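In what follows, chain A forms one complex with chain B and a second complex with chain C.
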Partner chain A sequence: MAKQYDVLFRLLLLGDSGVGKTCLLCRFTDNEFHPSHISTIGVDFKMKTLEIDGIKVRIQIWDTAGQERYQTITKQYYRRAQGIFLVYDITSERSFQHIMKWASDVDEYAPEKVQKILVGNKSDEQEKRQVATEQGDKLAKAYGMDFFETSAFTNHNITESFTRLAELVLQANKKDLDLLGGSLNDELNLADLEEQEGLCNVSDDTRKSCWC
Partner chain B sequence: MASAEIAAEHERILREIESTDTNCIGPTLRSVYDGQEHGLFMEKLEGRIRNHDREIEKMCNHHFQGFVDSITELLKVRGEAQKLKGQVTETNQKLQNDGKELLTSMNELRQCRVQQRNIATTIDKLTHCLPVLEMYSKLQEQMRAKRYYPALRTLEQLEESCLPQAGSYRFCTIMAENIPRLRTHIRDVSMSDLKDFLESIRKHSDKIGETAMKQAQVQIARDNAVTSQQRSASGRRIRKEGYGSTEVDRTGNNPFSEQDSGILDVDDEQEEEVPGAHDLVDFSPVYRCLHIYTVLGARDTFENYYRKQRRKQARLVLQPHSNMHETLEGYRRYFNQIVGFFVVEDHILHTTQGLVNRAYVEELWELALSKTIAALRTHSSYCTDPDLVLDLKNLIVLFADTLQGYGFPVNQLFDMLLEMRDQYGEILLKKWSQSFRQILDQDNYSPIPVVSPEEYQRITGQFPFQDPELDKMPFPKKLPFSEFVPKVYSQLKEFIYACLKYSEDLHLSSTEIDDMIRKSTNLLLTRTLSHCLQYAIKKKNVGLAELVQIIINTTHLEQSCHYLEEFISNITNVPPDTINATKLYGTSTFKDARHAAEEEIYTNLNQKIDQFLQLADYDWTAAQGGGQASDYLSDLIAFLCSTFAVFTHLPGKVAQTACMSACKHLSTSLLQLLLEADVRQVSMGALQQFNVDVKECERFARAGPVPGFQGDTLLLAFIDLRQLLDLFTQWDWSTYLADYGRPTCKYLRVNPHTALALLEKMKDTSRKNNMFAQFRKNERDKQKLIDTVVKQLRNLIASNQA
Partner chain C sequence: MDQSVAIQETLAEGESCTIAVECVSLLNDVRDSKLIGLVRQNKEHALFIYSHRRMAITGEDVTLGQIIPISYDFSVVEVSSPDELAVVGADTRVRVTFLEEELELKLPFGSHTRLFLSEVNRAWSDVCQQYPKEEPKFDWLTKYRKVSKGARSLRKSIGATTVKMSQMKKAERAHTANSSALKKEDESARGDALQSQEKVKGEVKDDLIRNSQPVLSNKAQMLGMPQFGLRDNLIKCELLKNEDAYTYIENYSFFLGTYNVNGQTPKESLSPWLASTASPPDFYLIGFQELDLSKEAFLFNDTPKEPEWMLAVYKGLHPDAKYALVKLVRLVGIMLLFYVKAEHAPHISEVEAETVGTGVMGRMGNKGAVSIRFQFHNSDICVVNSHLAAHTEEFERRNQDFKDICRRIQFRQEDPTLPPLTILKHNIVLWLGDLNYRISDLEVDHVKDLISKKDFETLHTYDQLKRQMDEEVVFVGFTEGEIDFQPTYKYDTGSDQWDTSEKCRVPAWCDRILWRGKSIKQLHYQSHMTLKTSDHKPVSSLLEIGIKVVNEESYKRTFEEIVRQIDRLENDCIPSVSLSEREFHFQDVKFMQHQARTVTVHNDGQVPCQFEFIQKLDEPAYCKPWLTANPAKGFLAQGASVDIDLEVFVNRHTAPELNAGLQQLEDILVLHLERGKDYFISITGSYLPSCFGSSLSALCLLREPIQDMPLESIRELSVKSNSPVIDSADKPQEIPKEIWMMVDHLFRYAKKQEDLFQQPGLRSEFEEIRDCLDTGCLDTLPGSNHSVAEALLLFLDALPEPVIPFSFYQQCLDCCSDSSHCRQIISMLPQCHKNVFNYLTAFLQELLRHSAYNRLDVNVVAPIFAGLLLRSPDKQDINEKRKVKEFFQHFLVQTSSDRDIHEKSPE
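Presenting the complex of A and B:
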């Protein structure tokens, strides 16, 4: 089967219930906004292909349920993620405070080299703002992440934030390619890298109990 | 000869001079001088003079003595006369002195007699003239008082009786000349009064109508109070005795125009005395005018004029404003005008002798009815507010009942109301469609959390949900359905109430109302709600959470349908087991919605599976397979695990069907992946890796992701793949070929066409290295073996096709 892309990246959306993770995803993949009150249950995902520096990047974005009762299920996806969005709602101080918990979980369950960015959503609701931009920026610096304030409603900083995380993941993979002495544009080497990475993950899997 | 003629002429002239008066002698003498012989004439004249002188002398001589005697006598008489003269003068003077008083008295007497005669004559003449003058004076008085009808009678008497008897006086002539002008004046003034009257009733038409509608409403309220169980009522006109002549308050301070008539608030209506139309309008001008024209012999003219003008007014009254449909007030004014018009005509019909007749009024009413109904059809079709349509229907009922009370047939109006009911139904469906869509859009598709007994009772009060086990659970707890279930149920009941309200006062039986409500409710359920549910189910980006909750919700709504049946029976008083009663079909709506949601779940899951499969990246020419499942497949299985893990509250059969559907789709898709035309070569190593992936799928199936499957039922989804892969990896062709067609065949589910296709791909792999074949005996042997099996398979296929 001929691939339509050069490389596949798996990204994960994390954050409290109601901060707008699903809305961010719909805006990015379908350019639609649904003022929905519906909570995600379990895990869902959407696909989109980007082109970064001439490389066709296929992005699989996992959308997780933020509710506590689904944490057991969603944690199983951390280890497969190559990039993670930590999302809070600028109108909810509580969701901002919980970023520390989410970051801690990432450190525990995600691969060490996972790329992360901090996202403060609902930037269009200035009158209800509870978290200052400076607070978000400061926290991002503390964690060594990039920071974006976004609005799924007004389509502000959506493409910018998703593209940025993809770029970070690509750069991380590029380093691996350099270590192997392969060329950035060598499709086969990228595929090999993918397979080797899979092998490593499979090795990890054999040491753990069944995850489903 | 000439001389003779001249002599004769002169003779004639002389005789003419002798006989003609001296005044005429001039012309005669002129004739003499006109000739040329005046000398001769003078001679003749002198001759005649001498003759006459001689005759005079003879005569004097003859009478001389007598003359002298006379003179002597005369002198004597003169003396006597002198004496007589003195005596007479004296006597006369004496007589004059003595008779002076008598003369004076006689003169006075004569004067008196003359005066007496004159007086008698005058009295006689005046006696003849007096009636004329009296009548004329009366006429003037009547004209000043604008009492034209009596004035006409007076004119008639004056013209026909008094004037002929009076004689030929100048003033009589003047009077006679004035009579036609006075008649014309009376006629014109009366016509002016009539026009004012027509303008007045036109201006006050809406007040008259408003009053009549109010009367009808009062009567309806009274009837309803007396017969509270009676569903329909007909208004009866309240007619006061006699005919009032009260002037309408033209300053516009009529109390009824100041107040809100409250025409639709029957329950709030206070019984009060309501004045009749005749209290609002002065009808006397039309009566007077009718009489006047009758006397003038122009009654037909008057009737024609009146009817013509009223027809014009009718057309004006029947012309609605272009924006009448925007508010109820627009309709109310329209109806008030129409009612006012016909109340006036009815009054005229009953209080005049033939000014208008029954046929004329009925003709006008037919016109009014058709125009009104056409206008209502047009304008009501613009209504999109069910409350306005409902108020309009109530107003039309009152309008119809009011006019029916005056004897006008109104069946067509009620027929039109039944037509409007369909339109009302459509409007309701649109409104409820929006309502349902809003409810579904705003739902969070999660079970309703309940934290207190009060809240629990509130919700179970809205929706007839009974679950003894849930009742016993402690708070906080969750109801199985989401918010839209009680909301939709409440809206269904509201819809039924709205349908019922339209049917009130339409003089329909309970059975008819019940039937209509059920039909409308069926439309709402099978069309409107069904469409809204389908839309919610099939919209883009619908999530599994929504679909799962919709399945649960529609199950509960389906179970509530028999409560709706009871609800309708209660409000219409028609027992549910009535023969031929319309039944609700709501259960089918909810079943259909549930099936659609289930299908959508299966479709949604399969689409997710397809997205994972697009990530498949097999090296179809790999020399050796890996020991672990492919990444894409591991992720896929993880996704399915997490998805079915949260399907715990989905009805068991739905979850099982979804799981089976997903597994079948996955199996079919994997096989298609293997057989794709783009995949030209397949190595044994690639098959080994593919086999590892299929084993991962089988492990998922065996693990029982959804409870309820018996034994290895779910594994059956992958059995085709399993047998195919076993056949190839174990190279068990002898068994396959030997046992083909037998029920006990180990590879019963392997299609020979499939096997052949895959085998062809493996042959291609070997042929790729043909240039080295001669150096590797194993490769050559394997090629021969593949060729052999290919031939055998082809023979098998051919023999089975024959």
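Presenting the complex of A and C:
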């Protein structure tokens, strides 16, 4: 097989506590669903390998604590993300309203080139729906994002949404890949590339520990 | 072959090379092939890095370059970590670090590399476990210093050790200096008369001081485990294991031909030989021997006969197909040509050729072999054309030639870090040539009689190759088809007549074709009598070989499933722990009083992990200054647990902002696992305000005990105390009532207390006094005189702005020798600060009147209080301390103006 670029992307799951971020991650990486779930208190991650347009893409998916008191800390993870899922729960109008706050924080703390998609989870609970599909679609258009309604429970639109965000990140960074591919015929860690380009607010040299 | 043998030969007695591996050294984009060995001497290890010839067999093949001791400062880490992307089957890249030297190596894919790295890691882990009580000395490396380029590295190592030792001495000296400074201060405070007793007291006081400053101590050994990426290896191994799932067998026809042409030029068409099959073969592999017998060919490996025979072959190929020449390789007179049907060419890759001579002196090319290897679809194929030693009685020599050829022909792989590939490592091996095995133990007439009867079966039992193969001495694992053609040697050139020379050689099947591998069926095996150019007859074999062809769809599915499994395995290996609790609330935290809770961290993941509390962005430490976690970092084996103590302690540094409501007891700790997850631990507390750590101006506005006031009121007063305008309704008291209570207590009960302010009080009594002042629950302060005295000192020390504010500090020092100027400065202090200063100095003057009982004098009192009332915003040096003391001494001598204040003192 011909030599292909192999890249690593970091994707971040953001949204209110309880919208199902961890369930989305478990469904995508392990194809499992756990009905009763303890809140994520901290930042977890899992790895997944995809192939997009013949390019092997490894994605590191970070699952964040959505509770309000942790938001000051989790903002620090934004700056290392290439893609961000903004997740709300279609049965929770409140979580949908908060998407605007999450989006605003992303604009402030994430790299400029970060790719975003809007995800309305729990699409299987139609009888409890509080947010119409049209509302989500309209908000996504306003923000210039793709929009998916998903269900971690029924595995609806899970692969589609994750693959789509990875595609967007790949497209956004294609120029860098082609540029480096011409001179470096080795594997490429895009996240490291971005660090070298000074996209991080704080250099790793000044820190004792690295966030990831 | 393990190349540690070559390294072992270069080592001294008592030293052993545990394991060795070839690698590529990456230095400034220059790739240099190296042989690296793990060498052991008793319990010490080092990495020896050699330059080496193609294949290291003896000590002479390697040259020692660099030595890297495996000490505490050594580390070897994966450059491409598992959470980064890697190519299937890619090598392991590691960075070897020793002190300031760094070396990047590329190790080949395979279990040997993993074994090597695990051995290195084990050696390093042993060193870490011994550290710091036992450290390797590496004396045994000295003798290599002269011959080794790594001598500089060793000198740096020795130098670094010296630097480390001197640094330790400096640290000790600094510590001693600090102790001396403390002792000097204490001694000067107490005077010489009480020297021995003062030392004991000083030590006790040091303990108290130490208790008030939480000290971070981390005794856990950091046993970092270097991680070596297994991802690529796993993918490749799984793909090999599951090859049947995505490959299928497709048959291709291979025409193998061998012809010893006895130095002749082509005279006739080769079609009767090469185009003898009904349908065109997919592959042609044609071998010649004795292409050129001239000394020019022997000496210069050059011959005009090569293009002649190549052209003859090309013309003789099957006319019903179009063929492409893939490769031609020749050694003197031994030549091999590789043609393929044009349509198959795109599926051929990794073509390599190699030659080896086994002739004169065992090395020259008059005998030997040429070989071509290639990959066709998913099968590796190697074809050998050999010309073995001549003469009937030399069959053992021929056996040895075969072994030499197998051992010495090594194909360079596309990846230079991979070891060379030998013949027998291939899926399919096709061997043809003039093997020169004869028929022995039969008279020539008997042989010819059997030939005339076409009794080849009987004749074959006298064939040397058959006999040697039956004894498994040569061509082990190879198969030869049934021979149903007459011997191919020796004929009169130009005829079919047996050799009529006086030698009258016994006919023999010198020219053979054999194979080794699965899915191989021979369709024909024959000689071609019509070709008369040489004294040999050409031989051909048509093989139908099952080639492993990749089904792209199945491959994709298999690959994806393997990747999915490896992702799952990788996710399972992400370090993970469970915490006994995630939220901690500390109730009623008080000034200078410890509260502690314990969180148990249990490693319930599948790998050991390193944990560490890490700082958050824009914060100077991992936690607030009133909080500590101990241990703040450590290592947890799989299944192990550790108790981490979370301790809250509010001291004079943190109390002011808490009292003023500018800070809360709130923090979130981030427990980070190396290459793993982050866990948040929430810390909250309710802080009970205290007069300790509150400002004088705020306290003057408090008419009630501080804890009887609503928090909002305290904050309002804190803000109000900073404004110059004060309402008449909130007229402040002249001095804080808390100071009054302590001083009044001492005035009433402690004026004659021996060693007042020179003995420490009890911590428990201090806590009672603090509570009494903050809650007003008692009319009389509890505790001993010494405890009340110490409480007064702690109060003054905890003032966010000292009695003489920071802004006046430099002025005081500048005029410390001028008494009237000093008094003038005091007169300019803010009102409550001035009141407190005058009140305290009047009190101290009163105490000094009772020197006969309390044994206080100016030299004792001045240093104690001067340092508290006149504090530097920065660190004080000895000269400044002297000036501070001199400044304050002026106010301990009673003057006529002070007498009036004294008379106003409360009784």
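Convention: the second predicted complex is superposed on the first by the 169 of 212 C-alpha atoms of A that agree within 3 Å, B and C clash if a C-alpha of one lies under 4 Å from a C-alpha of the other, contacts with A are read in each partner's own complex, and residues count from 1 in each chain.
Assume contacts are C-beta pairs under 8 Å (C-beta built on N, C-alpha and C of every residue); 3 or more make two chains touch, one makes a residue touch a chain.
Because the structure is a prediction, the values reported are computed rather than measured.
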Partner chain(s) touched by A:His34 [first = chain B, second = chain C, both, neither]: first
Partner chain in contact with A:Val7 - chain B first, chain C second, else both or neither: second
Which superposed partner A:Thr49 touches (first chain B, second chain C, both, neither): second
Which superposed partner A:Cys26 touches (first chain B, second chain C, both, neither): first
Contacts of A:Arg80 with chain B and chain C, given as first, second, both or neither: first
Contacts of A:Gln60 with chain B and chain C, given as first, second, both or neither: both
Set of chain A residues, in rising order, touched by both chain B and chain C: 3, 8, 30, 41-45, 47, 58, 60, 70, 73, 76, 201-202, 211
Chain A partner contacts - residues on chain C that touch it in the complex: 80, 83-87, 90, 560, 563-564, 566-568, 570-571, 574, 582, 612, 614-617, 668, 670-672, 677-680, 682
Chain A contact footprint on chain B (complex, rising order): 442-446, 540-541, 543-546, 548, 608, 611, 614-618, 626-631, 634-635, 637-639, 641-643, 645-646, 673, 676, 678-679, 700, 703, 705
Chain C-touching residues of chain A, taken from the complex the two chains share: 3, 6-8, 29-30, 41-49, 51, 56-58, 60, 65, 69-70, 72-73, 76, 187-189, 192, 201-202, 207-209, 211
Chain A - residues contacting chain B, complex: 1-4, 8, 10, 26, 30, 32, 34, 37-45, 47, 58, 60, 70, 73-74, 76-77, 80, 191, 194-195, 198-199, 201-202, 205, 210-212
